[in-house]
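Accompanying notes for the structure given below.
Chain lettering (A, B, C, D, E and F) follows the sequence in which the chains are written, and residue indices restart at 1 in each chain.
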Amino acid sequence: MLLRYFKKLPILASLVALSPGAAFAQATEAATPNKGDTAWMLMSTVLVFFMILPGIGLFYGGMVRAKNMLSVLTQIMVVACVVCLLWIVYGYSLAFTAGGDFKEFIGDFSKLFLIGVSPASTTADGGLPEYVFICFQMTFAMLTPTLIVGSFAERMRFPAVLLFSILWFTFVYIPIAHMVWGGGLLAEWGALDFAGGTVVHINAGIAGLVGCLLVGKRIGFGKELIAPHSLTMTMIGGAMLWFGWFGFNAGSALKADGGAGLAMINTFVATAAAGLAWLLAEWILKGHPSMLGLVSGAIAGLVAVTPAAGFAGPMGSIVLGLLAGVVCFVFCSTIKNAFGYDDTLDVFGIHGVGGIIGAIATGIVVAPALGGTGLATGEYVMATQVWIQTKAVLVSLLWTGIGSLILFKLVGIFTPLRASSEEEREGLDLAEHGERAYNY
Amino acid sequence: MKFVIAIIKPFKLDEVRDALSSLDVHGLTVTEVKGYGRQKGHTEIYRGAEYAVNFLPKIKIEVAVDTAIVQQVVDAIAAAAQTGQIGDGKIFVLSLDSILRIRTGETDGDAL
Amino acid sequence: MLLRYFKKLPILASLVALSPGAAFAQATEAATPNKGDTAWMLMSTVLVFFMILPGIGLFYGGMVRAKNMLSVLTQIMVVACVVCLLWIVYGYSLAFTAGGDFKEFIGDFSKLFLIGVSPASTTADGGLPEYVFICFQMTFAMLTPTLIVGSFAERMRFPAVLLFSILWFTFVYIPIAHMVWGGGLLAEWGALDFAGGTVVHINAGIAGLVGCLLVGKRIGFGKELIAPHSLTMTMIGGAMLWFGWFGFNAGSALKADGGAGLAMINTFVATAAAGLAWLLAEWILKGHPSMLGLVSGAIAGLVAVTPAAGFAGPMGSIVLGLLAGVVCFVFCSTIKNAFGYDDTLDVFGIHGVGGIIGAIATGIVVAPALGGTGLATGEYVMATQVWIQTKAVLVSLLWTGIGSLILFKLVGIFTPLRASSEEEREGLDLAEHGERAYNY
Amino acid sequence: MLLRYFKKLPILASLVALSPGAAFAQATEAATPNKGDTAWMLMSTVLVFFMILPGIGLFYGGMVRAKNMLSVLTQIMVVACVVCLLWIVYGYSLAFTAGGDFKEFIGDFSKLFLIGVSPASTTADGGLPEYVFICFQMTFAMLTPTLIVGSFAERMRFPAVLLFSILWFTFVYIPIAHMVWGGGLLAEWGALDFAGGTVVHINAGIAGLVGCLLVGKRIGFGKELIAPHSLTMTMIGGAMLWFGWFGFNAGSALKADGGAGLAMINTFVATAAAGLAWLLAEWILKGHPSMLGLVSGAIAGLVAVTPAAGFAGPMGSIVLGLLAGVVCFVFCSTIKNAFGYDDTLDVFGIHGVGGIIGAIATGIVVAPALGGTGLATGEYVMATQVWIQTKAVLVSLLWTGIGSLILFKLVGIFTPLRASSEEEREGLDLAEHGERAYNY
Amino acid sequence: MKFVIAIIKPFKLDEVRDALSSLDVHGLTVTEVKGYGRQKGHTEIYRGAEYAVNFLPKIKIEVAVDTAIVQQVVDAIAAAAQTGQIGDGKIFVLSLDSILRIRTGETDGDAL
Amino acid sequence: MKFVIAIIKPFKLDEVRDALSSLDVHGLTVTEVKGYGRQKGHTEIYRGAEYAVNFLPKIKIEVAVDTAIVQQVVDAIAAAAQTGQIGDGKIFVLSLDSILRIRTGETDGDAL
């Protein structure tokens, strides 16, 4: 589990379920960070950054039509840049400080503008230079809202995306991050979320679902051929996501040790299993083993193993991956069609569904009997843990679902959410950004 | 003079060109097109969405020839492009009023 | 040299020629892995992963026609995923345990499913967390069979590739890996192979040659223009291979020290030299300095320096690179044409030929007189060492050549190796995977 | 600041302004490098390599027309390879040894061919294995001349680019590197340049300006639509540059500590701020927020924060980024047009202008009152420091400007600089390299 | 026989094809073209450079039909392709000398 | 009415369009094609494989005009497209039965 930062909460912290390898050290402020750990976290930060750009940019961008490629890329990069700045202005402070009256839900303003942080500052347990920890967390904050844009891609207006993302980061992401990692509600409950399955993936998946329902279907959806303009790009992006996810998951150990090694091997095998599962299911049920299916399955596996990466054993991760691959395939290829909504890039079908599977299953695969690590403190009882996990999922479902709904409505008051049908036909690249992606 | 438009299967282009060369026809213009016709397309599946794609890649050859040899040209193209399977394509012949070679200003027969 | 894992073989191990920097430590189980080493190995693992995807995927994919792009990418990713799972099921155990009656050729079943491995386990000398070592080795196992698919690309059927890869991994890769790194035959002889020139490149090169001979030429080969569909992708992939190869070679030091630094500098200069050598040879002999030649030469240089990376000095590596660049150019542009076989992406011409040059030349450039490191134990005699290297090459030539031949024939019994000519003309993307790579 | 290598200059070195976190340790030769630091520097080296290929290759290549794509890629890769070899032959020695009579400007020949360097050698202070330091520095040397090719892209002949780059590396890059990092003139003055704003960016920017003025405008410039052939590639390349730049900047701490963390966070926020600044300025002034503008701004921000990365505080970096984004936008979109020269890819407008802004502003944002780190030795006085910074900029302006002019003229004596108009129309890919980038 | 060339807006292709099908015209050839005309283009900006782009993406449909139904065909295409906004395109009709189906050698009316 | 088809060198497009504009011809359709003719191609080498490429990129311009000005149009195109070097291209003129403007239903001369 992510040994997040509890400066003033040593007692609370010790109640939280920890990764077995992670000695919490009761805030020995004096300790100097180990440079091996620091090197790994610097690198992990860079890897998570790579997930955003080019990672998710290409994975998503390859699936839209050429005329909307730049629109997707611009939205992702702008959102990431804005959140980057907001993170040091107030995000880090609100997510990772102790908080006041509402400390179950939100931190406080004591580190606005990173006041008081210097190169010599460390995390509470002295494990890492604080700047490094801030950077690592920042990449998670930057990534999450970019995931959402996939659901309403090819039709939502750029100003609306920008405004929504700022609000959503502030009122949805930060509180959830605080609840899970900042010593808030879900941490108190003992919910396990090693690398952010709830904070990042369920969160983004639900917001995406709400968004695409509100914005409506693309013109021609279900009638015209709306084929991905470059599955090559999607593969590149997907591979880069996997690559960067090693930093996301194994980096969440916050140490360069055997625990990081466990998270890494799980990030290998769950992903491989899920990719193969989707491919095989598709081969059997639809007649063709597709590359898009293979990559989609791999991403579903990555999503599902995220909360479990440091808790499950490798065999448990394989089972989790197989499950996520098959369920997400069925969801995206059948259930979604039955409902008939247009989630352009299956943000909900992969991040939402995969995230929920992972969050709940983490309560199972952590079982020592199944090769998992067990809990750091307290005795493991499967039913109890699964219930805690489920409750945590429900809280974030509600918070994000309701929050996103309100914020979309709010944004819609200030600026139209959706491009005109003429702009949509011409493509958002020309209509909104005045550029074309390709001139061969 | 005639303007011959042939729609053929892409992989037959080299053979058709060779056939025309052996008739001393050394100029032609080629366009990548999509053809719709009797030939069945294929199905593409992207995640949940299945599409029947009926527009198939074809090559369009345009060649201007003297009226005297138009039949030979049509026959040569047809012979070279034929596989006997649906989708082999069509040859259309239109009448041409005039031809001009831009470089020299030569016209009609001289311009070929 | 790769300080591979000899849990029960301390005496044997000490006979094996080691990298001078690598103190073998006679299995001091108690030692805690240094976190700097661990950080570097986590990262190296991730870098080698990147060589597979997007690396080799784009390098290869860019060179085929657009209609077969997804076929290449899918084959590479599926093979990597399958081997990933097999590695933890039986691959690691069979390659890296001591073995029984046939211990010169294969390990044993004591670590099936990674039984007994935990985050606290380390390699025998305590140098690394065992999970990290397993992951690092896994990426090598995943990479090797993906290299082979380049030779019969654009015509071999997906099910045949899949089946062949599983068998080949099991009956060819694992034994060779055990022989070289697991304390088997070639290790006993004292053959030097720092990062896997024999295990990875010669191995894949020979298998590829056998494969393309059996499958036959592509339709239109030698007649129609079969031009690479995107040399841009080939360049991206080639650059990513170089990038990842730093993890492959410098990671094979298994430590973050000056020895890793030596392997890194050699991986820079040999590659640069080989790229320039190919480009210049082509410029002089064919009239144009081509980008494809430059990149191809660089890959040839990477292949050739792989076994020598931790043994040669930088100047020796430059000479090795120049040699590999020129010889592989002549091979791919002239000798191959003389033989007239259709190795689509020159798997043999680059990995096979470059690998053999590197393996034998390693016996030369290791010479202290040439700036090399010399042997860790025993006195260096050039003729002796070159002979040992040559014998090792011959063993793997035979093992892989015969093994691959048998396995291809075997696969052909169950499923046709080659696509129908209609499928080949339409392209494997549509015919086998039901997708198109590009829709501009 | 880069704790560069002053083996024989302990006294001089102590006069140089150092990064506060960097204890110089008066050349305690005996110290063993920390493996965490080494791991981070190995990784940083690899990251900077990635900036060259695929990084700058794609960033630049995407902006040219498809018919010149391979020409740009080949030039970049060949130049990088050649410099790679020259670096170990004489580059490192001349840049990083003490030097003789002209030691203010150039080192000496004592390490030609890396004589005397072994895996056990360390930097003077024992901080890093010397091979690792050599590799890290090598990537900077490889990168810098590749930046220049963007200015005369699409028309300069390959042989001329090759010859010019060799000369320029020798007579411009090496002396400037020595002056700034090797204990030469600018180091003596106390000029601050954390990661190479002057050596890399101003240097390349000026050379590019001179080059494009001498070579003349492209055919059709200002008349025909000369649109980027793939902004997708430009985005990928830009994102990879940012990714690699974390190694460039945070690696320049030469340590895995809080100082590296500071450089990393600055590399995040300045870039994000500059990207947004350009986008917003363009949105307001030209009506469209373009992706190309966003990415261009981000690169401008990276350039500007390079010299300041380890000295500024995060808020100072944001201001610096905003400034660089707006100024470079105005320069590239208005001032350049007014002058009417054809700097194909705005090497001067971004690297030159952004570099100068950064170099001078570093003297300001280092101020402790503005959240900066202050000077390592001596008292900080803003006017003094800004004046030192300005002087350093002027020196490199003159050295590079005059040097580049002479070298271009010299090259022109041996081989024409510019392709024939027929070659230019056909595209350099076919005309010079005998290949086409794309065959869809 | 007539050779009908229609230049239409790209997103109208499916509707036009359906309209033709309902007239029992089951073969046509499609090309991606750029059109220049009354319809205003757009401006593209790349860094400092602003370009007015006047060539707009259009689809060209070529369909050979019997003279008897040419008017119906033209009307059907026009009806399906019309949006009422500038840039809807044109339909050109040319005379055709002959048609050949490559696969069978059938000619003229039989070849359709 | 006439249907003029011109095959030209790609970089001449802007000049040809300007020449047509000055004749008050404000509509045309452009296609990217490959031309085969007297103009020599080039050789491409990819590793061991050498290919002689004889299909060269050309631009096809199609423009429908009133018969009255067809000669002027042809001359204008020829003048603008000429470089005097092999490969400048050809201009073909065909007769046109009818023209329809989809947007308005105007026909023939009115549709131009």
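In this section, a residue touches a chain if its C-beta (ideal position, glycine included) is under 8 Å from a C-beta of that chain, and two chains touch if they have at least 3 such contacts.
Everything numeric in this text was worked out from a predicted model, so none of it was measured.
Enquirer: Any chance you could name the chains that touch subunit A and subunit D both?
Expert: Common neighbours, subunit A/subunit D: C, E.
Enquirer: Hey, how far apart are subunit C and subunit E in touch steps, shortest way?
Expert: The least step count works out to 2.
Enquirer: Just give me the whole-number Å value for how far the CA centre of subunit B lies from that of subunit E.
Expert: 18
Enquirer: Averaged over CA atoms, how far is the centre of subunit C from the centre of subunit F? Could you give it in whole Å?
Expert: The mean C-alpha positions of subunit C and subunit F differ by 53 Å.
Enquirer: Spell out, as numbers or ranges, the residues of subunit C touching 2 or more other chains.
Expert: Within subunit C, residues 34-37, 39-40, 43, 227-228, 230, 236, 286, 288, 290, 292, 434-436, 438, 440 contact more than one other chain.
Enquirer: For subunit F, which residues are shared contacts with two or more other chains?
Expert: 31, 44-46, 94-95
Enquirer: What are the touching chain pairs in this one?
Expert: In this structure, the chains touch in these pairs: A-B, A-C, A-D, A-E, B-C, B-E, B-F, C-D, C-F, D-E, D-F, E-F.
Enquirer: Would you pull the subunit C residues touching subunit B in the complex into a rising list?
Expert: Touching subunit B from subunit C are residues 220, 223-224, 425-426, 430, 434-436.
Enquirer: Name, in rising order, each residue of subunit A that touches subunit C in their complex.
Expert: Against subunit C, subunit A makes touches at 20-21, 34-37, 39-40, 43, 47, 65-66, 227-232, 235-236, 239-240, 242-243, 246-247, 250, 255-262, 264-265, 268-269, 271-273, 275-276, 279, 286-292, 294-295, 298, 314-315, 318, 373, 438, 440.
Enquirer: Tell me, which parts of subunit E touch subunit D in their complex?
Expert: 44-51, 53
Enquirer: Give the list of subunit B residues in touch with subunit F in this complex.
Expert: 3, 17, 26-31, 62, 64, 94-103, 105, 111
Enquirer: Can you name the residues of subunit E that touch subunit A in the complex?
Expert: Touch residues, subunit E against subunit A: 11, 14, 42-46.
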